[in-house]
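Both complexes shown next keep subunit A, but they swap its partner, so subunit B is in the first and subunit C is in the second.
And then the complex of A and B:
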């Protein structure tokens, strides 16, 4: 891009015709206006992104009781957190639920997108319909799933009963609670990811498939050898997006336990985000919660890095 | 696309920005889920006083009282905001956020006894009701109920609403099914002690399979704890100097042992009170008994709905009296209409109002004039098969002792209940539960 050269030329032209008083305005027009035009984002970002970020970092170094005193303790909150079993339990829950939710979600979304990427009747309507779960409110989703996964009169336990499986106590047993929440997350987000995959798939040139078909490659082979490698940039985006979403999981597990951030009687499904809210706003230990928020940020960076390295290898790069 | 050096810097900044936004969004995760309150109305229109309450079923029982006020006062309208069923886990933390941030709280807010320690320690949150002449109400309340609404520096911030008292709510129809007596006097005679209560429970469990004897460990644990507290200096988790005494107070250990035994004998439906599943269980007949302070009558009848009418009844509690629960109304300093709010708080705690709340819903008045009202003394509750609730609760109301609760009572109570619930739902082994209860209480108090 060579945007720089063009304005300079225009400015030189104007210098001759325009009186000097207008020069400043014109200069601003050229030099300043682009920044003014993009500034709303940065102003908003500074107010709602940067400031809370700095504020959180600042208070993570304090023993800050929301309903009491403030005292500087340096890295005390961080060392305490690293020795806090409850925090680690929340980390394991978060990562566990993330894996349980994301792996099937990615596969499902891929196959769904692949199926939607063909020619059939009512294509648009059906493609739109996979987005429907996303527009339903998370509370409505949680209410329905809470009933489905109820211990006493829930549909899931009832169906499991047909196969002679003892009813699960979905809110008291750790792995079953993760599964229930992962199902909730998947129901909501699979269609969304499928649509993004579909968009990615449509950018792949048709003639690649035609050539492959002529060479005798089956549909399945085409999917693995053409679609998947060509889709890598989209995959990276979706996986990173899901990593961020999955590791900050909050609404589903909270509504699953009556809006309570404890996540089960013994924190069976308490995520790090819930832990932060609990420490900050229920125990009023704001500094501790702020430190936990920063550790969650680190966790997301690590998670994103691992996934990025993993996804980059997908689809036949040597 | 060619990227010049300066743009590269910009690009890097925006990547950082995006990453930072992620953090910001998780940091504010709690804030996002909280609803923000609407601004108060202008001076020309009628003043709307927002009354914020908590609790299941019919909660504070203000429905009829508010309808009556609104019909008579066109200039001041009351709007009740029932925020949540759960006090410790949701209502109180939210309220603290509003109070510390200076915006969001209603004009009149309900406070459970468990929050009063903290409320008293922060007089700066509250309007002084003395300024609106409410000092004159002192004679209406028992001394302890009045004094608990006065902060450390002498500010009158809270007026008493209801008080606890004790009973057992039970399903007469299920008792019949199990071949037990179902009339309330005979039922009361079945269980003079808690041991006998559990024995009857086993008999019941032997006959009826799909229904459990009790709702869970929690309501009966609380009833038991408050009875024992009365025998141990009227303290539970904290002593009068706000030191944690969970491991030293025999009342806590014996209440814990009782809950543990109930659970090990398989007498509980493993439901935690004030959850949706508990409410559904009340409606569907998942359990036959609930520990019932007076205000729990409204909760049970509200949860059970009309279908439960006549099936439920009220019997005496094993092991004598006790005082679990009861609330206060306070006016936050941030209220734009403190004068009108004080008038509403005054109205809602008047003898006449508290008496009608008792007869309509069952919440026992703390107002002594209301307690002596013949209509209260002779009150019967239609939902509970016309049980003489005046006789059951009002007669003993004057003898109720206040239980001291510390500044961090709400947090410690939640931690302890979670362990007891965990023991019941199988996530904490019985033999490790006591140690964990003590550890978690220490952590919550810290």
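And then the complex of A and C:
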């Protein structure tokens, strides 16, 4: 025992008389090291986050042309965008596809989560399989769905034919193209959102349901009056997440048109993100693209605010 | 407690959900293993054919598609970014969760704010110009650098470390004379390994799937796998079997990750989610 404690005692002793250099090192270790550990994130964020954001603002105030000359035009890009029919079409497409994808997705995910929350065999296997879509590549999925939604030999038109529905030209018309793209988005994200909802549902105390059952509340009533209101924080998280994802949609509609950012022959499914890429990297109008990026951010803020207010009302305060 | 056993309707719905989740992937294999005339026949084929190996070899050997290069590039990009994000996030997460310093809460709020900005869309123009002036366009550096950090990762690891590493443990190590970095290495890292795994898988998937930025900053002759699919799609738009063999190849790493870590992915998502 005494032999065991001896080295430590000497070490402590040694620490008291250590040279000034080591004292500085240990002071830094306590005071400075926490900052050193968080600094890689902030340094990289400054370089690849803050710098681009600031420069996007700066670029948006200039007119760039193909010849490489630049001219300060103040808010000129913004006013031009607000009068640009192509931009508004992209905004409407984005919002349209967002609504078409998100509303059914949230409902489906809620009901799926409710079903996954029951007791049954192979529970883990089933939870894993609804996550399978998330684990596949977006572009691969979009390629598969593009084929499923093909006009002449697509599976979807073939099945619709059983019910006497005429084949849709999914890529040529506006609303059908939105539906096709919204389907891809939903396929990918419904299971993911269901798992997140499930995580929230599992924290709701079970005796609440038991008390409600004794009071004679039906299962459906329990879902609307217990599950949903108790789920509000999760709901806010999921809805905000989907809002950012939905309004920045790019991969699915681009792949739906062979990797082209025009979004169809008449831009019928061009989103704002695609509009930015087209203006910036095909028309080389950096200022215009940068201004569109800020308007997209504004759109996301508006969307997030509306959703937040909407979700907050769900279930109400008792 | 009858409430917790599913009704027949619920069972049918779950079955349908599983079917719909798996079907497009099954369909991918069906077309990838067929001939092109099968792929465009009505009614479509529903069972896999015998041409899968042949089609995959055709994709890999196609000089225009550069598919093998795409797979290699994607792997390099995803692996590099994953290592960087995991290291940066565990360091920062440890600091935020277990160390005391002035401005800690303010800095953490700053990280949360950075998560809310869609940087990929917002910063795309200046980032591109930066890569042009560095003459890095067309190289993997240009794809990798903007992704070396991830606010979500820092947030996730802060939450995880808080729950996995009690303060007493850190203080005990300090009393024993361990320096901060040593505590991180010897005490914190072993404890947060499950969190690191979830963040790593997540980051790898995200990077493997990245499409918009590589599309802008790379050229088709040095693609990532997603860009390679897109050029397959554009160049051989009538050759479905080739395109589908390529897409099937492109998801193999993700499916492998899923088979190996599926349980952890489900668990990690449920753990990391915002609870009611």
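FYI, the second predicted complex is superposed on the first by the 282 of 318 C-alpha atoms of A that agree within 3 Å, B and C clash if a C-alpha of one lies under 4 Å from a C-alpha of the other, contacts with A are read in each partner's own complex, and residues count from 1 in each chain.
Keep in mind that, in the parts below, a contact is a pair of C-beta atoms (placed from the backbone, for glycine too) under 8 Å apart; a residue touches a chain by one contact, two chains touch by 3 or more.
Note that this is a predicted model, so its numbers are computed, not measured.
Visitor: On the A-aligned overlay, A:49 touches which partner chain: subunit B = first, subunit C = second, or both, or neither?
Guide: Both: A:49 reaches subunit B and subunit C.
Visitor: Kindly classify A:133 by the partners it touches after superposition: subunit B alone (first), subunit C alone (second), both, or neither?
Guide: Second partner only, subunit C.
Visitor: Using the touch definition from the top, say if A:169 reaches subunit B (first), subunit C (second), both or neither.
Guide: first
Visitor: Applying the touch criterion given at the start, work out whether A:141 contacts subunit B, subunit C, both or neither, answering first, second, both or neither.
Guide: The answer is second: A:141 touches subunit C but not subunit B.
Visitor: Just to be sure I read the superposition right, which of the two partners does A:155 touch: subunit B = first, subunit C = second, or both, or neither?
Guide: Once the two structures are laid over each other on A, A:155 reaches subunit C alone.
Visitor: Which partner does A:280 contact after superposing on A: first (subunit B), second (subunit C), both, neither?
Guide: It touches subunit B and subunit C both.
Visitor: Between subunit B (first) and subunit C (second), which, if any, makes contact with A:204: first, second, both or neither?
Guide: It touches subunit C, and subunit B stays clear.
Visitor: Between subunit C and subunit B, which one touches more residues of subunit A when both complexes sit on the common chain A?
Guide: C
Visitor: Using the superposition on chain A described above, determine whether A:262 touches subunit B (first), subunit C (second), both, or neither.
Guide: first
Visitor: Between subunit B and subunit C, whom does A:270 touch in the aligned arrangement: first, second, both, or neither?
Guide: Neither partner.
Visitor: Looking at subunit A, which of its residues have contacts with both subunit B and subunit C?
Guide: Touching subunit B in the first complex and subunit C in the second, residues 42, 45, 48-49, 52-53, 56, 152-153, 244, 248, 250-251, 254, 258-260, 273, 276-277, 280-281, 290, 293-294, 296-297, 300 of subunit A appear in both lists.
Visitor: Quick check on the complex: what are the subunit C residues that touch subunit A?
Guide: 1, 3-6, 10-11, 13-14, 17-18, 20-22, 24-25, 27-28, 31, 39-44, 87-89, 91-92, 94-96, 99-101, 104, 107, 110-111, 114, 116-130, 145-146, 148-149, 151, 154, 177, 179-181, 184, 205, 208-209, 211-212, 215-216, 225-226, 229-231, 233-234, 237, 240, 243-244, 247-248, 250-251, 254-255, 257-258, 262-263, 265-266, 269-271, 273-276
Visitor: Taking the complex as given, what residues does subunit A use to touch subunit B?
Guide: Within the complex, subunit A touches subunit B at residues 1-2, 4, 42, 45, 48-50, 52-53, 56, 66-67, 146, 150-153, 169, 171-174, 244, 248, 250-251, 254, 257-262, 264-266, 268, 273, 276-277, 280-284, 290, 293-294, 296-297, 300-301.
Visitor: Residues of subunit B touching subunit A in their complex?
Guide: 1-4, 17, 19-30, 33, 84-86, 89-90, 93-94, 96-97, 100, 118, 122, 270, 272, 274-277, 280-281, 284, 286, 411, 414, 418-419, 421-422, 425-428, 444
Visitor: Where on subunit A is subunit C touching in the complex?
Guide: Interface residues on subunit A, with respect to subunit C: 11, 15, 26, 29-31, 33-35, 37-38, 40-42, 44-45, 48-49, 51-53, 55-56, 59, 111-112, 115-120, 124, 126-141, 143-145, 147-148, 152-153, 155, 158, 187, 191-192, 195-196, 198-204, 209-210, 213, 219, 222, 230-234, 236-237, 244, 248, 250-251, 254-255, 258-260, 273, 276-277, 280-281, 286, 289-290, 293-294, 296-297, 300.
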